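Below, each structure is written out as structure tokens.
Consider the two complexes below, in which chain A is the common component and chain B and chain C are the respective partners.
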Partner chain A sequence: MSKKPKYGIVVFPGSNCDIDCWRALDQVLDADVTYLWHQDATFAQELDVIILPGGFSYGDYLRGGAIATFSPIMEAVKKHAKQGKLIMGICNGFQMLTEMGLLPGTLLKNKNLKFICDTVELVLQQTTSPFTNQYQEDQTISIPIAHGQGNYYVDDNTLHKMEANGQILFKYARNPNGSLSDIAGICNEQRTILGMMPHPERAVEEIIGGTDGALLFQSIANYMLNQN
Partner chain B sequence: MASTSTTTNPWQTVGLTQSEYERIIQKLGRTPNLLELNLFGVMWSEHCSYKNSRALFHHFPTKNEYVLQGPGENAGIVDIGDRQAIAFKIESHNHPSALEPYQGAATGVGGIIRDIFAMGARPIALLNSLRFGNLENKRTQYLLDGVVAGIAGYGNCMGIPTVGGEVFFAPDYQENPLVNAMCVGLVDHSRIQKAVAGEAGNDIIYVGASTGRDGIGGASFASEELTEESESQRSAVQVGDPFMEKLLLEACLSLLEEDYVIGLQDLGAAGLTSSCSETASKGSSGIALELSKVPQREEGMNPTEIMISESQERMLIIAKAGKEKEIAAYFERWGLHAVKIGNTTTDGMLTMYHHGELVGEVPAKLLTNEAPVYERPYTRPDYIEKANKLDVTQLEEPDNYNHTLLNLLASPNICSRKWIYRQYDYQVRTNTIIHPGGDAALVRIEGTNKGIAISTDCNNRYCYLDPREGAKIAVAEGARNVVATGATPLAITDGLNFGNPEKADRYWQFRECILGISEACKVLNTPVISGNVSFYNETPTYAIPPTPIIGMTGLLKDMDKAITIGFKQEGDVILLIGDTKEEFGGSEYLAHHHGKVEGPVPSCDLMLEQKHQSYCLELIHHNWIHSAHDLSLGGFGVALVKCCIAGDLGANVTVKNKLRPSAFLFSETQSRFLVSLPEKHIDEALTLAQEQQIKVSVLGSVTANKDIILTYNDASCLSLSIEQAKISYEQTLDTFMN
Partner chain C sequence: MKAKVLVTRKKSIADPEGHAVQKALTQLGFDQVKNVRVGKIIEVELDQQSVHSSKEQLQQMCEKLLANPVMENFEIEMQS
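Up next is the complex of A and B:
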């Protein structure tokens, strides 16, 4: 019996891409998906994947993602992480994951100090993770970006460890924002937590700029299938 | 009631004239107190009362089969089928942006978004229209940088895609840049809200940010010419908080799921004063306020300050009585407060109490409908005749068409706008089908196969040389842009930016533009459903060129038919719809290559325009063509290159024509489209053109070799690679701005 992954998308005040994720999963990819509210302290145990969506949670005051980490729901998100279940932080969600320490490094302002919206090419670095197993090795994919603070930075030691562990999943073909080592997306050591600045949920339909993002969600479905 | 403090010239302190002051006393039957006088000052300012423009609005057509709500509300609304509608409006924020570009532009965006959700609509797209001085100028660069960042900062944070716009650089905007922002929202017919107070006993509920002293007198400030003292008026520029507005938007829209709301109104120019007096006037009712209840962020604000503050991100809800708690719960979910500050009455008065004491009382309609209306004297300016005597025989033919074309592509008015739109999140909400960079943006209506095409247009050079013809062209070009995506034009909003209307030559420009817009909108069946007037865009020595910006919308019922400007397929036939004449007047070629701004501008035959547009739409709806592009600035030459760059395909074109090559290449004759289609449909397209007596010319074909080749009357005229063209087209803004 096939098991569809069940997704929960956390809505923070100021989230914008919650609805884009919902539409991609529910209407295009036929996944089970539900919204979670930032003030709730718990969510259903049956959820397989938690998405921390893009946007400007709490207006990006202080730093992108910084205040969201104090939301009541984040305790439940940490518990979910401890259980080895999947978490995806996209854009503002990636910033939250680094702020919470669930992923290494931090996201600085773009090198040109401006917001950048574009569709960029990413090169696959790892195709064995739960998030990338449907891509080909070294495959180049087109995925939209839209951020002002996407310039990834981490100390040298950690970078070497991440490289050795295969934690770097996506690199920019042409670095748009000054990210260290062209990094666009990473995961934790256990490969269960993904953080990426590009928006895979914006690339699931031909009519709005391609379907290269759909393979990421299909990778998750494939991973879940093999889990049981 | 507080006693009146009279100075020698009380009217001057609030920006009114002596006769206006006398009108107040006569209508009121007594001398107004200081609070009341301040209310008149802001409400009878040009910005709120439209006193210098209103007399001409009757020329506008305001109805067609699509219009559900014409001018007079926060935004106009048109039907798009399936019980759905779109609300849209354009608004200026010119004066604030001249002083404080980031906040001026940001709060302009914030204001227009509130106008849209006040109609009950969810904002789905933002556009803008910008004017600056010469790009080489450092201050221009500073203003452009700040304005774009401000628009981006607000729109991106709100999660509303900024999908299109336009920008033009000309010296006469040096000290008066223009920032006009347009917003489009989606609403079900059953959810449309109006700003009315309704019957007596309804609650007036205040939601959003608290009230401070920022933006005091902003409406009056916007109704004066900019002078050196304007710098000291920076406090009249408000500061925006898009996060607050996002919460306000979500809370207000969720509240509309319930049946508690009678009316919604944003607090924009003139703050509480305008929102209360306008809602009361429309409902023919009154409003009584207890000003001490208004949430305040500063200590010791007096009633006048509370009434005229323009603090951002505030809304008024007129709600059924007794639902205060239920309504507050909706706002608490988003961390916001909802506070009852008054109620509606039957007496038609705007009545204000402060800690229980009556502090002011004015008939609401006296502030709104009964504001003075002026039809100003007008005379044709002297420059018009002198500037319209272009002798085309004096124009030397360029010696190298490749160079001339490449230079034109690099012109600040033609070059790629990517440096700008890359800062806007144009993709968020995943409905943007045609991105910035094409003719019009195309936004999908969620859950349907329908799309809304939107563009903003105005050639201010044409409008300077011939305001009437220029305004007609602005409407025609807007419609043409929308048609080039496959959409049928629905209606327009207009952002009318002019100099001081009290000067007869400026008023003449204004009047001519109104007449031009009206004529074009009648013929093209695109009524005016909302708009904004910004006067006094001038310094002591010069005014801006007349700049009537047209925000055009169109409906594409079947998105599978949407097409873009780029060539799609090798071997496709390139077809030009429309005749080309030697019309160099007002063209970018004349300005950029010959350094002249002279007319006559291209003529605009609206019947012909209409015919060409409907022919183009037929081609698209038959699925015969692969691409369509409107010819505008830079003429055929620029259009051809843009189609090649966008499709990354070359073109091999052969033309035989009596015109000299420069005229065919760069003349800006109106009502033309450049389309490409597979060979199998060419006969059908030509036959249809013949039936409809439309002039079309087969010019050549799309090639895979990435070269743009034009043979003109058997001689080589253009030969350049897409790569060369791209370098010219794509680098200008980066070079100046990075």
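Up next is the complex of A and C:
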């Protein structure tokens, strides 16, 4: 019997890619998906993957993702992380994960100070993680980006450790934002928490420009199958 | 009790905003400008009389929320 991964998408005030994620998962990828409200202190234990979606939570005030970090639901998200379950932070969600300390580093303003809305090429760095096991090694994929604060930064020591642990999952083929070492997406040491600036949920249908993002969700489904 | 919190980017981290401002100043004819860095000021008003405990609380506020230690430094300036 196949087991579909159960996704929970957290909705914050100012989230706007929550709907993109919902559509991708519910209507295109046939996954089980539910919305979670930022003010709730808990969510169902049966959820396999929590998505912190893109957008402008709390208007990006102070720093992108900084205020969302203290939403009541984040305690439950941290618990989910501790249990070794999967979390994906996309764009603003990636900023939240670094602010919470669940992922190393931080996201600075883009080097050219512009909000960049484009489709970019990413090069796969690791194909053994729960999020990338359906991609080929060194595969180049096209995924949209839309951010003003996506310039990844981390200190040298941590970067070396991340490289040695295989925590860098995606790099930009052509660096759009000044990101250190062309980094577009990373995971934690246990490879259960993913943070990426590009939007895989916006690349799951040919009619809107490609399906390279679908393989990420299929990787998760494959990982979950092997877990059970 | 009032306080000003000054949040600045660490020296080791590039400041594209400061760089853009510097270029604009140079274009305006201020050629003597060598470097510009942009930070932010956060004014906090506390319902608290003691300078000591206010400062302690502000320190915690900075560590928890007002500054991100990965990229920023902060200074607290107490005002009466």
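Here is the rule we use: the second predicted complex is superposed on the first by the 228 of 228 C-alpha atoms of A that agree within 3 Å, B and C clash if a C-alpha of one lies under 4 Å from a C-alpha of the other, contacts with A are read in each partner's own complex, and residues count from 1 in each chain.
Just so we're on the same page, a residue touches a chain if its C-beta (ideal position, glycine included) is under 8 Å from a C-beta of that chain, and two chains touch if they have at least 3 such contacts.
A quick note: this is a predicted structure, and the numbers were derived from the prediction, not measured.
Chemist: With both complexes overlaid on chain A, does A:Asn112 touch chain B (first), chain C (second), both or neither?
Modeler: both
Chemist: I'd like to check the shared interface: which positions of chain A are touched by both chain B and chain C across the two complexes?
Modeler: Touching chain B and chain C on chain A: residues 112.
Chemist: Mind pulling up the chain C residues that touch chain A in the complex?
Modeler: 13-14, 16-17, 20, 65-66, 68, 70-71
Chemist: If we count contacts the way the header does, which residues on chain A are in touch with chain C in the complex?
Modeler: Result: residues 62-63, 66-67, 70, 98-99, 105-106, 108-113, 153-155, 178 of chain A touch chain C.
Chemist: Which chain B residues qualify as touching chain A in the complex?
Modeler: Per the touch definition, chain B meets chain A at residues 149, 152-153, 156-159, 241-244, 246-247, 334-335, 421-433, 444, 446, 559, 738.
Chemist: Give the list of chain A residues in touch with chain B in this complex.
Modeler: Touch residues, chain A against chain B: 13-17, 19-20, 23-24, 55-56, 58-61, 112, 114-118, 144, 146, 148, 199, 201-202, 205, 207-209.
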